[in-house]
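Here is the structure we will look at.
Each chain gets a letter, A, B, C, D, E and F, in the order it is written, and its residues are counted from 1.
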Amino acid sequence: MPGLKPETRDKLKGVSTATLCTALYKRGLRNQFIQDVHPLNPNGSPMVGEAFTLRYIPAREDLNPISVFQDRNHPQRKGIEDCPPGAVFVIDSRKDARAASAGSILVTRLMKRGVAGIVTDGGFRDAPEIARLAIPAYHHRPSAPTNITLHQAIDVNVPIGCGDAPVFPGDIIVGDGEGVVVIPAHLADEIAAEGFEMTAFEDFVAEEVMKGRSILGLYPATDPQTNVDFLAWRKNNSR
Amino acid sequence: MPGLKPETRDKLKGVSTATLCTALYKRGLRNQFIQDVHPLNPNGSPMVGEAFTLRYIPAREDLNPISVFQDRNHPQRKGIEDCPPGAVFVIDSRKDARAASAGSILVTRLMKRGVAGIVTDGGFRDAPEIARLAIPAYHHRPSAPTNITLHQAIDVNVPIGCGDAPVFPGDIIVGDGEGVVVIPAHLADEIAAEGFEMTAFEDFVAEEVMKGRSILGLYPATDPQTNVDFLAWRKNNSR
Amino acid sequence: MPGLKPETRDKLKGVSTATLCTALYKRGLRNQFIQDVHPLNPNGSPMVGEAFTLRYIPAREDLNPISVFQDRNHPQRKGIEDCPPGAVFVIDSRKDARAASAGSILVTRLMKRGVAGIVTDGGFRDAPEIARLAIPAYHHRPSAPTNITLHQAIDVNVPIGCGDAPVFPGDIIVGDGEGVVVIPAHLADEIAAEGFEMTAFEDFVAEEVMKGRSILGLYPATDPQTNVDFLAWRKNNSR
Amino acid sequence: MPGLKPETRDKLKGVSTATLCTALYKRGLRNQFIQDVHPLNPNGSPMVGEAFTLRYIPAREDLNPISVFQDRNHPQRKGIEDCPPGAVFVIDSRKDARAASAGSILVTRLMKRGVAGIVTDGGFRDAPEIARLAIPAYHHRPSAPTNITLHQAIDVNVPIGCGDAPVFPGDIIVGDGEGVVVIPAHLADEIAAEGFEMTAFEDFVAEEVMKGRSILGLYPATDPQTNVDFLAWRKNNSR
Amino acid sequence: MPGLKPETRDKLKGVSTATLCTALYKRGLRNQFIQDVHPLNPNGSPMVGEAFTLRYIPAREDLNPISVFQDRNHPQRKGIEDCPPGAVFVIDSRKDARAASAGSILVTRLMKRGVAGIVTDGGFRDAPEIARLAIPAYHHRPSAPTNITLHQAIDVNVPIGCGDAPVFPGDIIVGDGEGVVVIPAHLADEIAAEGFEMTAFEDFVAEEVMKGRSILGLYPATDPQTNVDFLAWRKNNSR
Amino acid sequence: MPGLKPETRDKLKGVSTATLCTALYKRGLRNQFIQDVHPLNPNGSPMVGEAFTLRYIPAREDLNPISVFQDRNHPQRKGIEDCPPGAVFVIDSRKDARAASAGSILVTRLMKRGVAGIVTDGGFRDAPEIARLAIPAYHHRPSAPTNITLHQAIDVNVPIGCGDAPVFPGDIIVGDGEGVVVIPAHLADEIAAEGFEMTAFEDFVAEEVMKGRSILGLYPATDPQTNVDFLAWRKNNSR
């Protein structure tokens, strides 16, 4: 993957997942929102980065004694050390939150390594601690049991499903207070540009509606006056 | 609908959904609590108003291009403009939160129009923004994809199901930090009156229990002394 | 039940449910975490106590008029008065949160009686009030309908299931900001001791990782230097 | 329990669970149908008998080695030997079919002992064999894992929930090709009598409708001619 | 609705729902298969007809005494008498099979009136009897409780959702041993024509594969020889 | 993989999945039964073979036009041609049966190629046709939509989850009328041998129970006479 351009990363930090979903919808992509994952710290900063993935399968008991983590090449531990700075670590936990996908020590390690965030469609253990870390983290619900209770890490950086969304390594993962969206890598620049413009318009609309204006003709801008007003607003607000 | 009496509205603002459910239970109504919806702002003010409804069906792709909102008569947009001030906008999203029921701009518009609140058994997009608005809003979980991804607005102000509860236009919708209850319109006055009285008694009981009194004989008041004490408490507390 | 030793109780207050699950996992116990229950007050104090149980079955309408609570021997009310101080009141609600398991008045009574906490795999009514009480409480989600809408209290202090975990009277129940774990009574002392030691090591590891150290060799401590460092850390930190 | 009268048993063998549900509905009982259980042999004979119950809780691994069945007092094995002839063995498996509730050998033993049927809201193992036995059996789906994988038998003949229906020992359990209904013991005679009469009327209606008659006025019999015709039909058909 | 052309109806009787789903997929329609409904008689004849719909909402107890059916204008009963011959009666039961959508008497009446079939995303009561009738019927699972236990009929012939598929009155409903698909009315002729052609090709392919031919190049027909062989096959088989 | 020994294959054809689950349970393996999959032809022959796997992820619309199957290297099509004779084709469909995992033409091709069976934790299209083929097939439920509606084939013969069970390439897959079990490759011989012996004993027990003998002391064989009788039975029955 050639990587995410810094200006695209910056733009995406200012665009909501809702707006990104609409831009994707216009291109026929309807399933890019990771379903039913939630930020551990709803007031955290936005998350943007290339996907680096971990795949779990159901754990077989004989292959998952507690001693398994003594192997330095265990995919979960190796993935934590190999995930590039600036990337988002995305875990396919088969939407099973009955055991943890990871805990606070591993998430802290990712944070220290400069990773941009972590997402699982299962649950994290030590969730209260993770919520206090300065790294965006998303899961379905807290889950104390160690991951090997139900999950066996099997592959690193292959295409996965996460929360019913397809995630390919290198896809751009964006998270905000609402949830997480997956942008196909080749669309990142244009989606970021379009989302940036849409955000300006939506901010204008939000102000107008707050002033008491009807949504009819304004949103979408079917009344020509709307675009006139929007251009004036952009000028006034330097956007 | 003749509308909700101001004194009934006021009384209902001071009665919890739990107490209202008990008053309904006494009348044989067991399914009036909208299941599994949650306030976006748990510390918001209580919500009371007549139901004004919107019904979604599953979206058919050819009928739901992004341009559909350019139609000023689109039921979702029209519903937003037609919902009376003081009413509660209730959406039947078939308990499907995989795509949004509405977003912050429409909810802001409802707020500015004086609508008393909004409820969906699906999810809202822009949930963090909606949580900061001064209008009560209830949903299942945040959901960024635009509503037309999965929902097609088809009808305004018809009887619907919401969270497995029946909702008829004009029913009285009450929400608090716990959730939302549906009071059949013809019962609103008597339920409000009974709930008001029950609340006084429960407040008395809560104080007594906090002082260390046993619940036996007190709640319910099978010990005659309980009613004696309650009457004294009402006098002392002007209730 | 001989009861929980004070020193075991104290140790368990300082060990997370995640760590306890790992200690149980080492002994072949994989299903002791109560699935999908959440603290009403995520910032509350930890909960430790012996299990005292209540079992619900589905309510039959003719056996559950509102007058049923006038019976002082109704199992729910009796259970509330009989639960020993220091114990945790655990309710088998068959994972059904469509009606309440209990409300704020009963939970207040438990608190005043010195009970250490309350857990249901259903929901509480008056959840916002319960969240403000100084007693740990865990449920699946708020639920306003009175318990007899769907639940009939049938047995006190028998073995139950709660959130897919087995709970025997006298088992040690521990809750933190993440959830609730069930420790078989006969293992409480050794699990507490081991958990106490594990917590010291994990605190050391967390500090090291926060300083930038890799998890490889550190967690688990396959590098001999790790144990050397840990012993020094314990001495320095008097642990 | 005084037991089921032979004439009541006989009548109930000729009444469908659908008709019985309607008779119960008229008395305010809405939750007596055991949800989502199916006959292993859809063409088997009807099942009628008093409930004899077994209660499972989630299995704790240390209490459930394979050797547990060597205990002759193990509740599952004891229940199988103690269930009275003519009764129906009803199992509360917490709607969890991931492991079996029982297998063909135990069901065969029940059959040989004269038991009238067996119901679980989980699953049976050896389901193809059970389907060939001359005893009615109902479950959710086939499930090969031995019961102790997830279930621990804990109590015999206590009130239970089965498929979200309340089941008290001695209640009358009736099964047909559609499913299973629970009749409270004290209502058995009157429900049987009413169901017997309703069945005659419905058979008459079915014949009329098959001849081409409209349901309006016929079902229910709001047209006086309907009752005239029904009386003639009864005479002609000796019913 | 102008109605379904007889030749289109005939063609559709010979095309599988799987093939129709593929033809719809090519036009961007991905959600036209009614999810999780099953034929009561898997060996019955295919079902084709225009949709005539019934919409249920959750039942409110005070509006649904057993006497409600005495009203000849009750939407369920009226719908049964008004559904045109040749149409398919499609019921929106909100995917809730805990109570019945209809029973054998009403389904018999539909059959006698010449209706082409019946579909619900809930369940039928008297399912064993319905399975023996000469009318195709599809549901989720058998359900003995009378519909008013949980369902209130509210509307006839409005757009509905059924098994997560959108159904508009007049859409063409096709059922086979696999399930039920919804064809938008305006596409019926072209989908029937294309499905007819696809069926011929798939029958050819099935024969070839049964003879041992690889699917590569054959299905889809990327090898030019495939089309040569297919044309010869059509000639030989007069298709 | 060295492959499955012919004598092991033969033995496994005579052992039920229930018995195999018990043998696995004795070795601490509790999750080897593929949950909630069912044979399309319940009366078909038993299925035994080494696992050959296919992994799906959620489909991204732009990568899954109908033309995708024109690629001869498409993993689904390639997997069908590469699966070895005697193996079982096991598909990870993420337990999502809303679109098909495969259809009758591909299953026919597998059959003609000598493959021993096919399993998905999703659904098959053309299910009625597949049910008539002479190859064992297991799925959750019929599903007409083409697989690319929701599934994208991504990998062949990697470890997967199927119905919450771990499946490694080369594991031994056994299916009967009840369902499907996964035997780790290295245990196949000993599990087959033990299952063969257990089957003899269970057949003896079944006969005894059918004659009226109690299960106490017989099953398990805690009464010494049981083993005496069993040895005699083996001799008499040449087993």
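Quick notes on this one:
Rule of thumb we're sticking to: contacts are C-beta pairs under 8 Å (C-beta built on N, C-alpha and C of every residue); 3 or more make two chains touch, one makes a residue touch a chain.
Worth saying up front: this structure is predicted, and the values here are computed from it rather than measured.
Between chain A and chain E, the least number of touching-chain steps is 2.
In terms of the stated touch criterion, the partners common to chain C and chain E are B, D, listed by label.
Taking the mean Cα position of each chain as its centre, E sits at the greatest distance from chain C. On residue numbers, the E-F interface is repeated by A-C, which shares over half of its contact pairs, out of the options A-C, C-D or A-F.
Centre-to-centre separation between chain A and chain B, using Cα means, comes to 32 Å. In terms of their C-alpha centroids, the spacing between chain B and chain E amounts to 37 Å.
Chain centres here are Cα averages; for chain C and chain F they lie 39 Å apart. Contact with two or more other chains is made by residues 30, 164 of chain A.
Interfaces, counted as pairs of touching chains, are A-B, A-C, A-F, B-C, B-E, C-D, D-E, D-F, E-F.
Chain contact summary for the complex, chain F toward chain D: residues 16-18, 20-22, 25-26, 30, 33, 35-36, 38, 42, 164, 176-179, 181, 202, 205-206, 209-210, 212, 214-217, 219-220, 222.
Taken together, the chain E residues at the contact with chain B in this complex read 27-32, 57-62, 94, 96, 152, 154-155, 158-161, 164-167, 184.
On the side of chain E, the complex with chain D involves touching residues 66, 69-70, 72, 77, 80-81, 97-98, 100, 103-106, 108-109, 112, 125-129, 141-146, 148-149.
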